[in-house]
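Consider the two complexes below, in which chain A is the common component and chain B and chain C are the respective partners.
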Partner chain A sequence: MSLLLVLPVVWVFGYSVCYSLGAVGFLSQGLTSHYWVQAFTGQRLAESVLYSLFIAAVVTGCSLCLSLCLVCWLDAWRKHGRLVALLCIPLSTPAGVMGFLVLQIFSRGGVLSRVLHHLGVCSSPDDFPVLVNDANSVGLILALISGTCPLLMLYFLRIWQTAKVDDYVQLATRLGAASGQALRLVAVPMLLRRSPGLLMLTFAWNFGAWEIPLLLGSQSPRMMSVLIQQSTGQYAPEDRPLAFVFSTVYLVIVGIATAIFVSRRSGGV
Partner chain B sequence: MVSEIVRSERLTVRSKGRDFGRLRIRVESVCLSACILLPYTVLWILSLGTGWDYPSLLPQQRNLVPWHNLFSQSSGVLSGLLTAAWLSVTVSLLATISGLLISRILRRTRSWLLSFLVFLPWVLSPVVVAGCFYDLLVRCNLAGSVTGVIYSQAIFATAFAAVLFRDTWTDCMHRREALVRSLGGGTMDVWRHVVLPQSRPLILVCLVQTALFSWLDYGFVSMIGGGRVQTVTLRLFALIREASIHQAALASLLLALPSIMAVLFLFLKDSVTSFRWSVPSENLR
Partner chain C sequence: MSQLKQRVPVMRGLLECPLGLCLCWWALLLCGCGSNEDSEPVIESSTPWPQVTLQAAGKVVRIAMWDGDPMINAYMREFASKRLREQHGVTLEFIGLRGPQLVNRLLVDQEAKRVRGDIDVVWINGETFYQLRRIRALFGPIDKILPNGQWIDWSNPFISMDFQQPVDGFECPWGNVQQTVIYNSKTVSQPPQTVEQLSQWIKAHPGRFTVDNSFTGMTFLKSLLIHFAGGGDALSGPFNEARYQEASGKLWQWLRNVQPFLWREGRTFPEDVAQLHQLMNSGEVDFTMSNNDGEVDNKVAQGILPETSRAYVPEFGSIRNSHYLGIPMNAPNVAGALVTINFLIDPEAQLEKAKPAVWGDGTVLATHLLPQEWQSRFATINGRVRVPERDELVKRALAEPIPEVMIRLHEDFRREIIERGQ
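Showing the complex of A and B:
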């Protein structure tokens, strides 16, 4: 157990802190706070943390709203079991494949641009807006939502079934509520009340996303994982201690989130 | 007479409403199915041809060249598939066995720290861990080797497995264990007659999910493998970088199909258990 669980986690935290303080590493010249000062006075770390938090919040928020709307207001999910099974397709699509799909559909020479050309909307790829590797991260957010939304939908559909939300909605409508009102005031709060744990996990997953930002993200600012991986750089050894400062910051943020998540669970396990 | 007319009108309105409802659900189903499935047709179309100049919707030459190239040595996709398959089998077996054992300790000790250690790899980005782990594996002569990749993937997969199995150890299981022991059974009997039969459905789910984790992994393979362990995910990213979109579309299909089939199989087999790997169990109550 210690080889597979305790050692890796302790090593990752310990090595990351030691390397960032100059205690280890082949260019090490003894303990120093130089790299921490450099990281916190520079823009890269702050930009990257804020950008990653922003992307994770937008993706989690949009996925939550979209999945709640689709589950509550479309009856098709609850009438056709096979349709729910179809949700497994985007859910199980690898991140790299999802990134490639978004690249081929939403890039300037992609499928959407070609369809619009045939409809007479665009005459050349330059008329199509930049949605991939763009400053507004549209493609990145779309790809991350495509992976997160099916997970939340499957989860909400499961709760709808196990918590018998349908019965409560019907009761509310019999007591005089309009159907929209019943969904908004009864179903949505019932689903939301059971979802903070999963929302926290999806937030953490999107915060540390790597493959999709690598394919679809902008060069500046970069998501945390991309920044760390590129700073670890085999080609710039002097950047390595900085990369470990970034790693330590990332590990602390995710560690705090995990500690809150574990503490919220009754009895720890 | 009047009441009969009113009743028949009401029935007509109700049946029209029902028809409209059915039609609405059918339209919703078709639209949703199209939204989910249409993007994947792009992969099929791109993998069945070569040349894709703007503004053509289909490849200029419709042929099986990408499929033919798949079997050539230079593409490396086929060898990548085989390596990924061998890694998946090893990691899933290792993680399932150790996850089952660790979850037992987790349940017995009920330690907060142990739970934290199990949940942490769940949310950490593999590439960050791989960055820290690389130097350790270099010291152990495991960097750039299949063993190093298997070990690092097994850490994450074991954490998945331990979380998945933690609810297996119920009071009922504990009572059955006590019964077997009171009848003179040893540890092996407990595992043979109580633990394994009870957790068999979850073992299948765990094997599939951990195999999928290894199959789809890119972070560890690229960072720890250092290009010497070539899996299909590594080939996919290389093909995207080389801008050979037809070959990349084919690699995407080959990478995604087993994953989709496996998750669909688990979902159709038992939607609850297949779903539990990613969802904290108290939320399902």
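Showing the complex of A and C:
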């Protein structure tokens, strides 16, 4: 069964490597390392990998902190089941729609800048800071967090119930811990111990995000998925092997992350 | 999902068992390897037209086209689709694809040796035509088969040549347009006419001008490139590396000079022209552009551009070209595709398409060849109010350079301007 599971991935990986080396492809002119040399001597690939890792790490980190705070310190989430239904709204919103909403709200000509302008906070919409397609990727990170945070919150709320975290917190307070201490030293470690799998998946998900980075990300560097898609869909099909070099590198990174996760797996999802 | 799993035991089994998921994957893969046999009679240039229409009747024709404009979509879905069904019994189905995606799709078909694909008609322009011809993915020649081809002046260079390549009957012209620059007359009283005036205007109005990072923006840059190459036909003919290097060097120098004064200080550019339209409508910039000279009126009618929008062609000129329809080599329904293309170049369909309230796309028919009745109908199309007449614009028309120019320009724009601007 393992073979059946692994074979499609190996197939895709093998095809990607072969295409990148010119071994296959309608326009192939024979084996060549030209595209690998081109990819590794240029800055585009390295910048894109680092940028994607940075965005995935920031989004996962921020979402983790925010969701832990909201679940642990705002007990309304745990007491009122209907509130949890609210979390399903961003989760069920397509990524493209979420990206478009952020664009409409946070761009210079968007809703927020106009409201602030009418309130007299800024003298013209042009004074509003650049938050989309910006070098710091503020809009991109916000949009990705708005999808990731609810997912982590739902997971933590579920763990809170199934692992009876409430009982342990109450026990800690009865033994003399302050409420904040009990949450920080008992609840948070319990939730974190059960979440490395989901965090790894969240990281990989954001590393490979496409629609939102396409709409809101910076144009240089670009996220890996956008770089691959644009390289595949560019005007010169003879440069397609370059896109397969990028794809191979992407698969290797995700493969390494998966291998680390599998080798260290001790619970979680 | 859990409800679905409870109600459908098979689904539950598949979703919970990795082996089930794997089997699904393999099943899908094997289903994709279906038979490639084609039982349709072969269409040739000598096939009589009645036989073609007979063969097409009752069939489904799948057309791959850019579907980003609601007016174009409405024309195709509400007018063309309906008439084709009524007149020829052909049902149109639409696939949203842009040029490079289409090339990729047909290239993958070629690599998989799919002799029976799933697209019958493709809407293409010069770059796509160039790539599709390179991978031998187009069926043809088709120009001699189409009865409505008689109304087309095949000797017109804006029709017979597509991006400096002879069409050779491997695509059929569908519309003829010229790029215009659109400005907000409320904020721009005297639009710049020369490259020098444009540079001065940009510097005097920081953040109010930009170009998109896609097809329309690159077409505008091609006009500037031709200007820096010497204007007119300076870039005509085969690709000339030295001439390109010299002209593009001047272009990048000019762009870097104005870059700090562009929208967002030239650090980022709108991804496509739709975003540029949106920027103009929200008041962030004063200029946008369009590859269709009739678009300004219909974009205002849709509320996408402000009422005060006006379109013009600067003195340094703008690219004029045709867009075409083609048939992939592995089209499953060639007869249906031919009937569809013939209908789309029919005077009735071309007239409807040329109305600014419908699409505003220039006709490819040589109206002087049409019967008198149709000539007068074309002469009385109205609704063009925010852009000069086509006869005026054509005086500043530039021919498309060879596709290598576009390919190089796109790549070099990223390297020389976007990446340096970060």
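As a working rule, the second predicted complex is superposed on the first by the 245 of 269 C-alpha atoms of A that agree within 3 Å, B and C clash if a C-alpha of one lies under 4 Å from a C-alpha of the other, contacts with A are read in each partner's own complex, and residues count from 1 in each chain.
Rule of thumb we're sticking to: a residue touches a chain if its C-beta (ideal position, glycine included) is under 8 Å from a C-beta of that chain, and two chains touch if they have at least 3 such contacts.
Keep in mind it's a predicted model, so treat the numbers as computed, not measured.
If you put the two complexes together on chain A, you find that chain B and chain C bump into each other.
Counting the residues of chain A touched by each of chain B and chain C gives the higher count for B.
Of the two partner chains, both chain B and chain C are touched by A:109. Of the two partner chains placed around the shared chain by superposition, chain B is the only one that A:75 touches, whereas chain C remains out of contact. With both structures placed on the common chain, the touch criterion links A:83 to chain B but leaves chain C unconnected. Look at A:198: by the touch rule set out above, it reaches chain B but stays clear of chain C.
With both structures placed on the common chain, the touch criterion links A:154 to chain B but leaves chain C unconnected. When the shared chain is aligned, chain B comes close enough to touch A:92, but chain C does not.
When the shared chain is aligned, chain C comes close enough to touch A:218, but chain B does not.
Within the superposed three-chain model, A:181 lies out of touch with both chain B and chain C [touch as defined at top].
Contacts of A:261 after superposition on the shared chain: chain B is touched, whereas chain C is not.
Note on the chain A alignment: of 97-105, 169-177 or 277-285, the part of chain B that runs into chain C is 97-105. Contacts of chain A with chain B, set against its contacts with chain C after fitting on chain A, overlap at residues 1, 4-5, 8, 109, 125, 214-215, 232.
On the side of chain B, the complex with chain A involves touching residues 21, 24-25, 28-29, 32-33, 36-37, 39-40, 42-43, 46, 54-57, 98, 101-102, 105-107, 110-112, 114-129, 131-136, 152, 154-155, 158-159, 162, 166, 212, 216, 218-219, 223, 233, 236-237, 240, 245, 248-249, 252, 255-256, 259-260, 262-264, 267-268, 271-272, 275, 278-280, 282-285. In the complex of the two chains, the chain A residues touching chain B come out as 1, 4-6, 8-9, 11-12, 15-16, 19, 74-77, 79-80, 83-97, 100-101, 103-105, 109, 111, 113-115, 117-118, 124-125, 151, 154-155, 158-159, 162, 194-195, 197-198, 201, 204-205, 208-211, 214-215, 224-225, 228-229, 232, 243-244, 247, 250-251, 254-255, 257-259, 261-263, 265-269. Those residues of chain C lying in contact with chain A across their complex are 18-19, 22-23, 25-26, 29, 98-101, 103-104, 107, 110-111, 127, 131, 134-135, 207, 213, 264, 267-269, 271, 278-279, 282-284, 403, 406-407, 410-411, 414, 418-419, 421-422. Of all the residues in chain A, the ones that touch chain C in their complex are 1, 4-5, 8, 24-27, 43, 107-110, 125-126, 130, 133-135, 214-215, 218-220, 232-237, 240.
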